[in-house]
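The data blocks that follow each hold one structure.
Two complexes follow with subunit A in common, the first pairing it with subunit B and the second with subunit C.
Our next item is the complex of A and B:
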């Protein structure tokens, strides 16, 4: 191997500050986009199960758009194309804002993951026995109470592994935001590599971070499952 | 103050179609306070749909259902509040306990959310009703840890805790192993002794004979025959009733 490692170059001084900032921004992207994706997932799941045909059609169209268009294209759309569709004054404000690429990234990630998550939720809900609705109705529970206390708890238990899978995937996808200039860890790694040419070290740093996120989330998922969700057998 | 033998359930010309299938054909019946009405009939006759129409689970296309004079079901189905719906308790063939909650929590849910009891109040009430069906010791067990008979008794306690005016039972023992049937039938018989107004769909003829004030033979969406146990079981007047009873006797 012809490569000599130089860890000091990338793990000290300015570069270290950049890496720490990148980690912070990556985590922020992961948390905000995942939460938003979960909310979108719940909304579109209810729409896809609605008795109103237009609502079902909208939900179906949304899911198809999310599943068939690469996340990267969504990122480019929200950062470059979306402002151009708005009135000039609004577009100017957006383009001037230093936060815009962050929020474009969050929205694009939340939208795509939200589509998958709404389908995951729908599967979980459909797996709940229909007669649970009858039992809740006869007990006098309202529509909201039935969903909140009887249906959703069971639906979540049904789809939890698929859900955590998708959340983890969403978190790893935050690395795509480098394409629109968000200074998260992937962008920082590339930036440092461009200056120092230390390709293996920089990519390893990024890899270790994403691996750590993965392990942490999987551990957290197992903990939640054990603590809150078992259907005791 | 209700007069003795006041009518609790009044069904007038209840009618329902599923496409071509005329599942309820202008059915009319009345159940008086404290009466136990047993509904017998072949599968597909519409007995379950009749129960669901009385409780409001299924809307009817024509006619009306009144519980204590209040309109519960009609072609234009009235919207019923939680407390109203809880006045008609329903016990299902498949128990339908909430699997993610303990037995006590199953009974407590509606007490807390519909009757607005506090958690300790609801817990106390739940435990007393579980005690009534002999399951106080299993209050913290999940449904998956209970036998079928125990699950069904928890389901009965869950409905009873809301102090319904009427209890409906849709084939309560049909999903149970033979040795578990008696504990559930015992619980239901106990209720009838306390004067609960009940409508029971069942295949247990001996049980029907014991608890029923009246028996209805239901077939193809209509009441074929109605009377006391001796009349319908031993001396049926209609040919359809007779052939059904023959079939049942041969089965036993």
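Our next item is the complex of A and C:
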């Protein structure tokens, strides 16, 4: 196997700009889709725990759809099939916009991760003792205050490892968006490899980025857990 | 495109006129990756938990690095470097199998490690004190309890592995996802049928597996108690 490393070819000029753009787009995909997934998770968690049967049915249908259909199919669906569902004028605007595949990727990732995260939150909330609810209500706290100040902190403490695991998985899944043409780092690495044939260098760049992301996120998770969710006796 | 032709294409790909594809590729890859991952994952987990520092650090490094990378990157590593090493391009199914096997091994290693750590320490001491060697302790006492304890998360992992085999669309294999996208782009008038059929096939299989997993979990809980051991 004769392979000569040539780092200058991929780390200079246009290729470097592409790589930096790819890193920026990857990070932006990760942040936006994770935040959206957390919001969706909270909403659907409340829906699945509500006393209204239709809301529970919708939440459970959403969770089952997201957990049984691969993320890649959701990505293709939102990019290719979804505009056909909308009225023609809206679909024309979407198909002409250059940001459409980015937002299709964000929505698909947020939807699938939101399903898992809503189940994780639901597990965390169900693990909080029933007495906490009654104690909070009897102290005069309103419904919102109970959830915000009594229940959610304990629920988060219960489910935190699973939650961070899922968010890290979501951030790694942003590499799937290369399937619909989002120019994030995985797409850029493949593109540069196709032009320059520098296989190992380009894949190493992507590897180092994802290892760094994983390391940073795990460190951030440990920091958040220590700082905001300490166990109190 | 007629519905039965579409269904046949989704299930076995262009088979008589070409390589196998469709759902069959997903099933073959997921089962073979699961089997390889069981063996190699057990090796990695036991290596990580062993007392030998070199072996333990090496296994930890492999597990942590491979779990930190997206599956698509591992797939590209294999697809691009295996021809470099072997000197000639290998069949796409084989390189996809290698990538999925590595991914499956490291994840199963983590599941096994969690399972082994969850078996009560007293079991080790009791087994050792009856004179069993370390290897006999592991195989006859600890691992059977571990399998019962991790069965729910193991089946959950298999479901997720089955869904992850759809990534082989990125390396050109015609699996169910790629078949659906190809047909929907070739016949845009039937786009929704394609996506719906794809989604329904995946949904049926994964839903059935998760229901089966719940039933196995209940049966084990009834037979062995909640802890499974």
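Keep this in mind: the second predicted complex is superposed on the first by the 231 of 233 C-alpha atoms of A that agree within 3 Å, B and C clash if a C-alpha of one lies under 4 Å from a C-alpha of the other, contacts with A are read in each partner's own complex, and residues count from 1 in each chain.
Note that in this section contacts are C-beta pairs under 8 Å (C-beta built on N, C-alpha and C of every residue); 3 or more make two chains touch, one makes a residue touch a chain.
Note that the coordinates shown come from a computational prediction; the quantities given were computed from them, not determined experimentally.
J.: For A:154, select first, second, both or neither according to whether it touches subunit B, subunit C, the two together, or no partner.
T.: So A:154 only meets subunit B here.
J.: A:3 contacts which: subunit B (first), subunit C (second), both, neither?
T.: So A:3 only meets subunit C here.
J.: Could you say whether A:220 touches subunit B, subunit C, both of them, or neither, answering first, second, both or neither?
T.: Neither: A:220 stays clear of subunit B and subunit C.
J.: Look at the residues of subunit A and decide whether subunit B or subunit C touches more of them.
T.: Per-residue touch count on subunit A favours C.
J.: For A:131 in the superposed arrangement: first (subunit B), second (subunit C), both or neither?
T.: First partner only.
J.: Given the touch rule stated above, what does A:39 touch, subunit B (first), subunit C (second), both, or neither?
T.: Neither partner.
J.: Which partner chains sit in contact with A:141 here, subunit B, subunit C, both or neither? Use first/second/both/neither.
T.: After superposition on chain A, A:141 lies in contact with subunit B alone.
J.: Just subunit B (first), just subunit C (second), both, or neither: which does A:199 touch?
T.: After superposing on A, A:199 lies in contact with subunit C but is clear of subunit B.
J.: Under the stated contact criterion, what part of subunit C meets subunit A in this complex?
T.: Subunit C residues touching subunit A: 65, 67-70, 72-73, 76-77, 80-81, 84-85, 87, 159, 163-164, 166-167, 169-170, 177, 180-181, 184-185, 191-192, 195, 198-199, 202-203, 206-207, 210.
J.: In their shared complex, at which residues does subunit A touch subunit B?
T.: Spelled out, the residues of subunit A in touch with subunit B are 129, 131-132, 134-135, 137-142, 145, 149-150, 153-154, 157, 231-233.
J.: In their complex, what parts of subunit A are in touch with subunit C?
T.: It comes out as residues 1, 3, 64-65, 67-73, 76-77, 80-81, 84, 172-173, 175-176, 178-179, 186, 189-190, 193, 199-200, 203, 206-207, 210-211, 214-215.
J.: Residue numbers of subunit B touching subunit A in their complex, please.
T.: Subunit B residues touching subunit A: 52, 55-57, 81-86, 88-90, 92, 94, 96-100, 109-110, 113-114, 142, 144-145, 155, 158-159, 162.
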